[in-house]
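Paired with chain B in one complex and with chain C in the other, chain A is shared by the two complexes that follow.
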Partner chain A sequence: MSELTPLELEVGHLIVDTLNLEDVSAADIEADAPLFREGLGLDSIDALELALAISRHYGFQLRSDDENNARIFSSLRALAAHIAGHRVK
Partner chain B sequence: MAAGWQGQSERGSPWALRLILWIALHIGRGAARVLLYPITFYFLLNGRTARNASRDYLTRIFGRAPTLAERIRHIHCFAATILDRVYFLSGQFDRFDVRLHGVEVIQARAGTGALLLSAHVGSFDALRALGVEQRGLPIKVLMFPDHNGFITALLHTLNPALLETIIPLGGIDTLLRVQEAVTQGEMVGMLGDRVAAGGKTVSCDFLGAPAPFPVGPAQLAAVLRVPVILVFGLYRGGNRYDLYFETFDAVLPQGRREREAALGQWTQAYAARLEHHVRIAPYNWFNFYDFWPQD
Partner chain C sequence: MRDEALLPLTSHGEQEIIAWHGGRAVTTAEFLAQAAALAAALPGAGQAVNLCEDRYLFLLAFTALLMRGQANLLPPNRAPRVVEEVVAAYPGSYCLVDRPHGALAVQQFTVAVPAGQGEGAPIRAIPEDQLAAIIFTSGSTGAPRPHHKYWGELVRGMERGRERFVLHALQGGTLVATVPPQHMYGLEFTILFPLLNGLTLHGGRPFYPEDLRRALADVPGPRVLVTTPVHLRACVAAGLAWPPVALILCATAPLSAAAAAEAEAAFGCPVQEIYGCTETGAIATRRTVAGPRWQPYGGVRLHCNDGVCRAEADFLRGAVPLNDVIELHADGFVLLGRDSDMVNIAGKRASLGDLTHRLLDIPGVEDAALIVQDEGNERGGRLCAVVVAPQLTEQAILDALRPGLDAVFMPRPLYRVARLPRNESGKLPRAELLALLEQLRRGDGVQ
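And now, the complex of A and B:
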């Protein structure tokens, strides 16, 4: 199992709590595994709820016109890296 | 479920569609409407899935087997509304007698954001064009990008501005776009009666039997917490369309777990309103696939 950084673990907790994922704990999420469809199997409504939770939590908006969205949402590691670069709180 | 509506190939050849479009624009609606009869018969003879689905639906709504005349009328009504999309999308409103019912429901929400929930009945383009026509009523529409690809692409050459109002379904950030639109006070329309391949569904009673409905609209309404307005644009023959607007106040609880449990009830309330409207205008039902699949 790959080691999660503290921020990855924190974002993992946010995902699990926001989406009420049962049978999944943040520490079990593979940092490089896909979050959507395969992997954790999240869908577009999950993506929206997650984006709203991230904006509440870290104080910046994920925007639909960001052409990097597919990459940002591709894995926990990518998402945490994006948050690290944009968070204002 | 495997052979749902997405399994159907688009019917009619591109040249025939281009010809009808040309006649519609250059000769007129009357001439183009004459062509609807051969088109209707072509569908009845060749479109087995559509033919069977139409007969199944008519049997359910009438409570008896439909006559041949009723079956022809159903397909003809569908063809007539597709033809009229040409005129709605090219902004030729004056041709039609469009009657608005409950329009204050939507006017009260102008500029504050709402979801417009409709279905594959009658014409949704009448409403879209109205939104563009009357400024201050910006309407975006959630659509499957490849559904009816050729017809939709051809029709949108008539009005490229409307093409920009489409939010294609299927992307990771699709619903983020919806959220941004309603936050900016826009209205976002969606059709709540068709299930995407692999999409989550809930079984609702519809015309006396259980049918799968998508839970996406209910989930979206719950997350966005914006008002939902039901909209049905029904074709009444000749050049008349009736647009109905209704407030939809089915409630969804806030917590995710409680919400998941309430999705079925919310969707059933929508299915009941849909049933109300198709009972008034039965030939406006345009889901020509097995809507009540037997497992």
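And now, the complex of A and C:
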């Protein structure tokens, strides 16, 4: 069963819509599974597209120079938590 | 015996700043001393894979290997199986990394900025016949194909680039790049270009638009940005306030004239596209907004016969066949198409034959086909796989494929089917495959 919070579900929809993951539904994403490589199997170009979608929806820019990038994208839960802490809209 | 001709390692003067690393200026004298100290510490071998991601550490490792007479091995991607294949093909070789990779079953040497100096004066020149790098492309039969790059040819190619971009006007400027240095474009334009043309290297590798904006803002101008269509588009779309940039170089995939115009407006400078391949390095450029014709570098001669085009130049050994079909005109050339086995996704080139082989090599996979979808978008499409493997799940197939593949080539989606629509001669007509995909996408349940 899905145990996603409303924000996690919203971010899940953003991922599925932005990246056209036609064989994935947002509610089926496991909150703690990795988004890259295993799990959803996203790549670095997907990260760029996702960063753009996140800046449009939540009004802040992602950065990788703080070494947190791997953690931010480690799971849907981590990404949603990062968004919750940085969003300005 | 003839005298061995030596060519300088760098055109920078001793006290000039050669790089910015971690917010600190590094002079050429410091850099050469660090490279010499690293060279002295390296294991003995004929070659080593240079996997460093930090651009300054890559430059240090590259130079230390040159000083030691070891060739830089540059694999087509970082997938562990691919790196292991390259190491296995050169017995005794090892990997230079900026942090240890647990998944990599080869000898690793972690590169850090050396604290002390090597003994004696650092080497400042390299024999022109020395093998500097072996760059690999994915071959159609499975094994990565090596391309040998000698120091003299790399240096002469850079001289042609310097002429083309009128670089004396940018002396003292800084080069910032988003592309990795482990392929020919990255090596030429983010390592050799600053090393041999008097530009200072930004030692990091900014990824997100905001990273790049900060990197550009942190360095003195004139600024040169080396990037790809994917990154350029992301930066333009981010709508940030960019510091002044003097020149943008773009390559690895075609850039549309519309995207180039938007980038010129956002950054306030010309966007020059580079044409070349691993075999030749850069051989032509165009300002994308000015039209589709490419202008060859000075001294480059192109010939086409029976659909095969070749390039000759003073920085190439012999006539090199190109992967593209081109049409020659008095004022440049246009690209007509490319060898159909080669795909270019997110700026990375691979052979469909090789990728299909990797699928077929998985125990339990009986038949498989790959097709590129949405080729028109900036990333250059996405691979989709149709596989016959009655005993395996989709996830099991993807898990088996992952260690041997760059992430951009991972098929999405991957469908399992009972059989592929092969014709009597065993061929797989593209139209049939597309029809099958359409059916699968609608969920008609072929399996």
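Everything below uses one rule, namely that the second predicted complex is superposed on the first by the 87 of 89 C-alpha atoms of A that agree within 3 Å, B and C clash if a C-alpha of one lies under 4 Å from a C-alpha of the other, contacts with A are read in each partner's own complex, and residues count from 1 in each chain.
Keep this in mind: contacts are C-beta pairs under 8 Å (C-beta built on N, C-alpha and C of every residue); 3 or more make two chains touch, one makes a residue touch a chain.
Because the structure is a prediction, the values reported are computed rather than measured.
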Chain B versus chain C on the shared chain A, clash or fit? clash
For A:51, using the defined touch cut-off, is the partner it touches chain B, chain C, both, or neither? Pick first, second, both or neither. both
Residues of chain A touched: more by chain B or chain C? C
After lining up the shared chain so the two structures overlap, which partner does A:23 touch, if you call chain B first and chain C second: first, second, both or neither? second
Does the superposition put A:73 against chain B (first), chain C (second), both, or neither? first
Quick one: is A:3 in contact with chain B, with chain C, with both, or with neither? Answer first, second, both or neither. neither
Once chain A of both complexes is superposed, is A:64 in touch with chain B (first), chain C (second), both, or neither? both
When you line up both complexes on chain A, which piece of chain C, out of 385-393, 403-411, 421-429 or 439-447, runs into chain B? 403-411
Shared chain A surface residues [contacts with chain B and with chain C]: 36, 43-45, 47-49, 51-52, 62-64, 69
Could you pull out which chain A residues touch chain C in their complex? 21-23, 36-38, 41-45, 47-49, 51-52, 55, 61-65, 69
Touching residues of chain C toward chain A in the complex: what are they? 204, 206-211, 214, 230-231, 234, 237-238, 240, 346, 379, 398-399, 402, 406-408, 410, 412-413, 441
Per the touch rule, the chain B residues reaching chain A in their complex are 169-180, 200, 216, 219-220, 223, 256-257
Residues of chain A defined as touching chain B within the complex: 19-20, 36, 43-45, 47-49, 51-52, 62-64, 66, 69-70, 73
